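Dropping the structures in below, format is structure tokens.
Next come two complexes built around subunit A: one with subunit B, the other with subunit C.
== the complex of A and B ==
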């Protein structure tokens, strides 16, 4: 068990895409744990630590909006890249105008969350890596607004602003009241097992979503 | 959430014998003809199964063993398929190579061999005998085929029947058992956690098509599909990117197809096909009421629309619905809360609304909303209260339907030219009670500037937008927007609008029966940049006043309005332009009401 931190994140737009509707995107109602982990990792991450999201507090009312954008339909084949690396002449560019795909997105507007998380030390940790050291790094970086890459709310194009909630500081007030079942929500991808997704039954009580722990590849309540 | 809710609804439907949804492993398809086989496997006759609808013969719906997805691949269905697969015949209007037709037929035979090979049943043996002895090169000369070739080559689905037996072959118990055996052997061998049920189960590679979304391909489109490389990730193929169990896949698509095919559950709003359903009931009163609320038009105009659009069926409203609707509208008009004291509907049931729009072979979700039923009704009531405005003609509808509203945003009221996102935006603001979209407001303002027409619907939309913005952003110290002319509203835009209406009246009085008035030339510029137009108009008005019979009277009223205006601003912002339109419209209606009163006194 490492130290816990609380991070307030907010932004104008967010899209935590549902896997079943990721072509014509539809967002989950709230932030997913893996999106929260992504935000924490963009602030501070080393192989020695592993972020674990404990809970997500949803502050704002859930509001949706539509956009429709031009995107592309294909990827540059990995095989071509490998060939090019071996020295074969290859065309590696992609002409966006020749591979148009219009895609609609049902996204969230004006979101704010409090992520409560802690980190655990992994097998990679050396003698230099103490929890205290990493805790000091993350709190210092979060206080100063530093990040390795811009944290984002589900999709790269929706940047997140963030602020550390200091120890002892009261949590912001959530506008949501009552209990709401959010259905099965993506917990994270299990990279150890064929990159299979894992789901958990999310329920929100007065805006608070408790994130379950995972035991042996299965999410438990 | 969407798929979860649909899957739950499927379970409700399955328990309701009246709903007629299919069990897993079967689905509904349209069937045109039936081939009658003798016990020896000879083709005896072809029966026409089509039914008459709207004076046309159309295929009949039948529950048959579940059909697979077909694009360019060759894939045969069990016991029910088109003439190419069943008989090896080409289809009208399609040039398919003989080679391919042959392969299709072979695939069909092979599949039936595989499924029915070991089935000891008269029907099965007869069918296999028929398929093995069928010669596709000589098929056209077959006496039964040649008699029916025109109908067969339309490509409708065919089913089989055994001579002298009751029911079709696909309803035969032995066949159904064989099919279920086969299907359980075919189950997906990829196991993952299903995102609908949370169970570890076999995951569907492809999801069945959703049919009945306006504008999508007729063969159906997919809600869940990964039809291009860029949509996949983590090296997964097709729907393994989104693990949904086979059972759940079947359930949600069946439920959605059921809703889309049922006029009670479906309305079209702009380019968005909207379905709605109540969680626990399948009786349909809740849905019927909501459908009626979205299209609260008189029956007469409904009938007219039906004539134009032959494909849709006339929705017959339950008398109970009509009564409820009446009560609700009355409450709206009286400004009372809608949900209280009305009986017959389960007000607390969860209610879902899903708006789907096509994007070629895919479906996009335009909006998705879930709330207790009473909230929906309240929000819709609020919408109509905001929209309320004095009528232009007596036969204007009391309540403006959403489609009428959207039509006003398009050039020439062409439904096809409505901006694609507007329907969804409007629905979302109605259902959440949030301010209406600025895009809708801007579209209406620019339509008014383009064709200088301020009608009932447009004025109502502008009033609703301004009223709701005011309530939501609570700017304070401003005059409320009223249904009819409000003489205490001192907004410059509103006053200028009123002034413009009076100036137009003066002109009309001076030249009775005039074809084009100042509105046709000046409305747009007067509403956008008053300071450059109004001096000209006022000078012009002096001529009209002196010429008109009751000129002095009009002059007095013009004076009244002008006295409240400090100066003519150089330009009006978009919100004040809305006030201008409103002032113009309400003043104009007020003029007519007064003149009517005068007449009746005389």
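== the complex of A and C ==
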């Protein structure tokens, strides 16, 4: 893959929430491919390209921590906003004290990953959108620390630091040894198909998780 | 309306607490939050955002465009009606088409009215795609410079709660948890690109800095003790995408304890250094 990049990302905390444990969030053991895609997209993305995550290298030992926070339970009803726009007096604000939920988060701490990914051109690509151009943009931004928005590790309160691993530069060493089955993990959400979640069977060998391409028999809905 | 900001920003906020509980942990009986492995104190991002919201409500409450969406306690001014009349949006048809333009109007309306939605974003999805905004301002967990001591203080009250209790005793005991002293460091990000989407202006940014500096002055309570913002260091990039990695900028602000042999009990026990000489080209440093 000629236009692949390797990005080192790290941070103090991370929470890649398991979809089955969302109320009191529990993180997956490792970063999901969809979270890795999100990080790449916060550096550079255009409708002309689509990021494909090839592998995720987990560098640090997997450790968890627990944080409980006061959160609000509800969301803004869109209908009320529309009524308000029509001029009906509505109370649009949310009272945190009346809609209080205390929720725990089982999060990861002290994480570092190497995301190996490439991009593919989509049908939206115009004549100006050459792969070379987009490759140049992403590598320049990753080198200079530029980003569209600061990337984060699962939730926005856990910012990610990032650095490009140059071509030919050796990969950092992973602390993990041996093979580990991580079970079924979220691969990504299919935005084109009614937000359908796709899963894959993840296994990690010496810290490396190979991310399969979507094809029949590999991912399940 | 004023234009959205065009530069990326990062900031470091140093704040301290004296004999107070900056952020209680509901999992630990409201003891100050602590990182169990290092003993460093924590203050969550949402705790700081709550104080920013409260400050903005006090400082700009009642002004159009500065309402606060996630509220605490009672609303003093329900001025929505007035705001709608001033708003130049044509009424929608009764049936609500689920198209993008419609969803955009709804989110724009909310962004226009609420400061916290413009800054931090909000989820407005009772149905898919009705509107969800990410705000430009992103804050991380604040951590103390040194391990904190969680001190438990037992207090007494010379009265009892119920009549039944009165038969047995004439006073009750309570507990307070305090940190004798802690200097905390929070780091944050402001994305110019997301600011375009929510309409977060330079005025809004100034208000954010104002709130960060003053928010503790309007958050006095029996539990908090003496909290104060000590230093706000702002890194302004020349461009929207930024000119240097955020972690390198954060490393320019270092805090060292002057006397390692005794516990810190005041801000003067620390030396804060901002390495202004090493600021990369294209980044402007401001200290407030």
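In the analysis below, the second predicted complex is superposed on the first by the 208 of 221 C-alpha atoms of A that agree within 3 Å, B and C clash if a C-alpha of one lies under 4 Å from a C-alpha of the other, contacts with A are read in each partner's own complex, and residues count from 1 in each chain.
Operating definition for what follows: a residue touches a chain if its C-beta (ideal position, glycine included) is under 8 Å from a C-beta of that chain, and two chains touch if they have at least 3 such contacts.
Only a predicted model underlies this, so the values are computations on that prediction, with no experimental measurement involved.
Of the two partner chains, subunit C is the only one that A:81 touches; subunit B does not reach it.
Of the two partner chains placed by superposition, only subunit C is touched by A:141; subunit B is not. In the superposed pair of complexes, A:66 makes contact with subunit B and with subunit C alike. Counting the residues of subunit A touched by each of subunit B and subunit C gives the higher count for C.
In the superposed model, A:150 lies in contact with subunit C only, and not with subunit B.
When both complexes are overlaid on chain A, the residue A:47 reaches neither subunit B nor subunit C. When the two structures are aligned on the shared chain, A:163 is found in touch with subunit C, with no touch to subunit B.
In the superposition on chain A, contact is made by A:12 with subunit C only, not with subunit B. Within the superposed three-chain model, A:4 lies out of touch with both subunit B and subunit C [touch as defined at top]. In the superposition on chain A, contact is made by A:97 with subunit C only, not with subunit B. With the contact threshold set out at the top, residues 65-66, 68, 71-72, 75, 102, 104, 195 of subunit A are in contact with subunit B in one structure and with subunit C in the other.
On subunit C, the positions that touch subunit A within their shared complex are 25-27, 33, 35-37, 42, 44-46, 50, 67-73, 75, 78, 80-81, 84-85, 87, 89, 91-92, 96, 103, 105-106, 109-110, 113-114, 122-128, 130-131, 134, 136, 138-141, 143, 187, 189, 191, 193-194, 239, 241-248.
Those residues of subunit A lying in contact with subunit B across their complex are 18-24, 26, 28-29, 63-66, 68, 71-75, 101-104, 106, 182-184, 186, 189, 195-199, 201, 218. Of all residues in subunit B, only 1-4, 192-198, 223-231, 234-236, 241-244, 357, 359, 362-368, 420-421, 424-425, 428, 432, 434 touch subunit A in the complex they form.
Interface of subunit A with subunit C (complex): residues 12-13, 65-72, 75-79, 81-82, 84-97, 102, 104, 109, 141, 144-150, 152, 156-159, 161-163, 195.
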